[in-house]
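See the structures that follow.
In what follows, chain A forms one complex with chain B and a second complex with chain C.
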Partner chain A sequence: MSGAPGLAAMQREFAAAVTAGDADAFVAHLAGDPGRALRRLAIYRRAIAANRCGALRAAYPVVARLVGDAFFDEAARRFTHASPPREADLNRYGAGLPAFLAGYPPAAALPWLADVARLEWAWHESLMAADASPADFAALAGVSGEAQPALRFALHPSVRLVRSAWPVLAIWEANQEGRDGTAARDEGADDILVWRDGARVRLALLGAPEAGFLEAIMAGVTLGEAADRAGQWDFAPALARLAGLGLIAGFHAGDPRPA
Partner chain B sequence: MNSKRALIRSAVAGLVAAGLGQAPSAIASDGAAPAGKEKCYGIAKAGQNDCGTATHACAGLAKKDNAPDEWKYVPKGTCTKLGGKLKPPGK
Partner chain C sequence: MPARFAPRAPHPAKAGIGLRTAHFEALAARSPALGFLEVHSENYFADGGPAIAWLERFRRDYAVSLHGVGASLGSADPLDAAHLDRLARLCERIEPALVSEHLCWSSAGGAHLGELLPLPYTEESLRHVATRVTAIQERLGRPILVENVTAYVRFASSTVPEGEFIAELARRTGCRVLLDVNNAWVNAVNHGTDARAILRAIDPATVGEIHLAGFAATEDGLVDTHGARVAADVWALYAEAVSLLGPVPTLVEWDTDLPALEVLLDEAARADAILAGARPARRVAA
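Take a look at the complex of A and B:
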């Protein structure tokens, strides 16, 4: 058996055979009829492809409904070839599909499709995100007026913001179970807050100023800078709303004048 | 500048007051009604690494590796219900 590769090399060849369909190197090591071996390897290959496609379908049910099964499966097949999973947990697979769809020529006639996919991925990530307790706001009383502009807030891990020029929330709603796909609105722009409340993912449409403020807070800027960006718009109700939903998980007072 | 300070001060004071007096869930009730309709979807998701999916896949899903056909590039789902009406703002 001097010609046999080591175990690691053999495993790499097996992986190439069942993921990339590049089976010649591996089949050369197998006893028996190569054609038979190839047909058996094909069972693994198709099962893996089907599982990956199934994971994408589970994360992107609205996209699948919008374009139909054949289109979705073909797009998913191309995506999985270009971007195979990098970790074993398929629940985390598919973050790159929105960007893929944005550059997928057959989807060019549906310019809102990638944004619908972004909303679905945000929903999916929100569902899987860690839990966190709300912040203790009483401790904010100890932050002086001087120091308040340097405050930074940490949001609940399930919070996502999806901003689109298209009516993606209306499209998304129209394609939930039992709906016929007819959107209630045909114009955006939709700024959508995504968060998890217990085990449920919730979505709310935000006004543009509120979305801008949330975007700043999520980026980790100070309250002072977020206020600057907000201009004359009063962000207090938006902040109170986040707190009321339990989405402010912490804060820290930066040092206004670092020693 | 001062008005910005005042905005920050009142925003923080609002959080403190609400945090002292009420449960966090009650904070939103004063003046912070949701800007839009809030939708809630509590859908239990199936795990994607179930052995059931993996082991039985070969039976139901071991279709031929079809070469892509033209019709696979034509969206045929509910997107037709959206017609050509959808537009971004300003168009």
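Take a look at the complex of A and C:
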């Protein structure tokens, strides 16, 4: 516990006064003219709301464009009230917005909105993920045929997979800067590979079997099990594609924690 | 292991600017002479990616100051160990010349408000902040600088003036002082107090950096927007500070309505001219 009980009580009341409720009672703690103190508290109230909403807007620019400013600001206000930031670094704030949007009644007419948000969060996380060098594939050639099914792969830290029942990649692309918002496709159930290539985050559409294979690899299952799940589908080109993009950061045989 | 960067202290009589994403390309192309670059530490907390790569690139040419907005020195919430770990990692990676935080709090009950909120200046606050500054300095293995903030409200319970509070904090913890001249001016105008009082209260030897920025005048008083040129009154107060303190690394901060890089360089040149005219140090201690 804090050794500063007076401070703790004051800060709880201050926070309530500038994020919820009304500030009238709190003004008793402040020096000077109460009316002016109330207006000064409003400076903090506006700044806090703007900072939180700004952090969400920075992470979710396509969602903001799709719904418009007024809708986004109101959704952000409700979200931040229900799920305020739990850490100081607002660059990491907003992971819960896709789930919030999925259950937000005013967004019910846009059933793909939450998936667009998931794609944007994956993009955002990918941008901030650690750097890593690709694995040494010469060593992979040394793995015997019998040992191959026991291989597990570690992917580049920036790799994300977003699976949607909607054409969210087309929607995302149509709402980038300089585009008019008209999606090139209005059909599709997009499975999207997200990764960072140098300084840039890239997105690529995957076929459903490839996405299923990647999902298994990302979950840490062995190559043998991922292949079994893929059935008749040949996983080798998918693995080669990941390797070609430099997204296989390590591999290990037999150990559940790949190097 | 060889040092990754040559040790580099900020030039004492050369102003620095805040490093903003929008200026990365222009700054890299021009490489202007600057005392140092300052960044908000939290904007480089990512494990990898372009932001930290840019900062490492600029670190090759400039001294860097890490200016934290999130350690929440005065919060009654426990110190966030994960936050301090990220700050410590960034310090190891960048080898900053200066590391600073604000004399404020920004979270209550675990919810972060993302603002630099004011403290009552009481013995309870002083003991609490001193304990936390000491803990952070031990975690980082270096002294930090603590900055006076803009306070739009003042507390009825405050028992000491801000300047004396900061001076005592520095005495108790060995922290240094980041004197924000604009904040001192904004507070003085908003509360009808003397902007020079903080200059008189602080031991000149403890001041390691000065901040300059622009404010906006509103019907509720001056608002510290960091979105305009430094005001004439603030330049005058800065000149007084420099004549009292000697040349101190000075930052031109600009965070909103960001202009072209040239405008920041122009403001920095103006600070340079004042620093160049300063008598070198009437500092009382080493």
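Just so we're on the same page, the second predicted complex is superposed on the first by the 238 of 259 C-alpha atoms of A that agree within 3 Å, B and C clash if a C-alpha of one lies under 4 Å from a C-alpha of the other, contacts with A are read in each partner's own complex, and residues count from 1 in each chain.
Following the convention adopted for this analysis, a contact is a pair of C-beta atoms (placed from the backbone, for glycine too) under 8 Å apart; a residue touches a chain by one contact, two chains touch by 3 or more.
Given the structure is predicted, the values throughout are model-derived calculations rather than measurements.
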| item | value |
| --- | --- |
| First, second, both or neither for A:Phe71, with chain B first and chain C second | first |
| Partner chain(s) touched by A:Leu97 [first = chain B, second = chain C, both, neither] | neither |
| Touched partner set for A:Ala253, first chain B, second chain C, both or neither | neither |
| Contacts of A:Ala174 with chain B and chain C, given as first, second, both or neither | first |
| First (chain B), second (chain C), both or neither touched by A:Gly32 | second |
| Contacts of A:Asp89 with chain B and chain C, given as first, second, both or neither | both |
| Touched partner set for A:Ala47, first chain B, second chain C, both or neither | both |
| Which superposed partner A:Ala130 touches (first chain B, second chain C, both, neither) | second |
| Residues of chain A touched, compared between chain B and chain C (which is higher) | B |
| Chain B versus chain C as contact partner of A:Ala8, first or second or both or neither | second |
| Set of chain A residues, in rising order, touched by both chain B and chain C | 42-44, 47, 51, 55, 88-91, 127, 198-200 |
| Chain A partner contacts - residues on chain B that touch it in the complex | 3-5, 7-12, 14-16, 18-20, 24-32, 34-49, 53-54, 57-58, 61-63, 65, 68, 71-82, 85-89 |
| Residue ranges of chain C touching chain A (in the complex, touch as defined) | 42-43, 45-50, 53, 69-72, 74-78, 80, 82-83, 86, 105-115, 117, 119-120, 122, 124-125, 127-128, 131, 152-158, 190-191, 220-221, 223 |
| Chain C-touching residues of chain A, taken from the complex the two chains share | 2-8, 10-12, 14-15, 18-19, 28-32, 36-37, 39-44, 47-48, 51-52, 55, 84-92, 127-132, 157-158, 196, 198-200 |
| Chain A - residues contacting chain B, complex | 21, 42-47, 50-51, 54-55, 58, 64-74, 77, 88-91, 93, 106-107, 109-110, 112-113, 123-124, 127, 134-138, 140-141, 143, 145, 148-149, 151, 165-167, 169, 171, 173-176, 180-183, 186-189, 197-207, 210, 223-224, 227-228, 232, 234-241, 243-246, 248 |
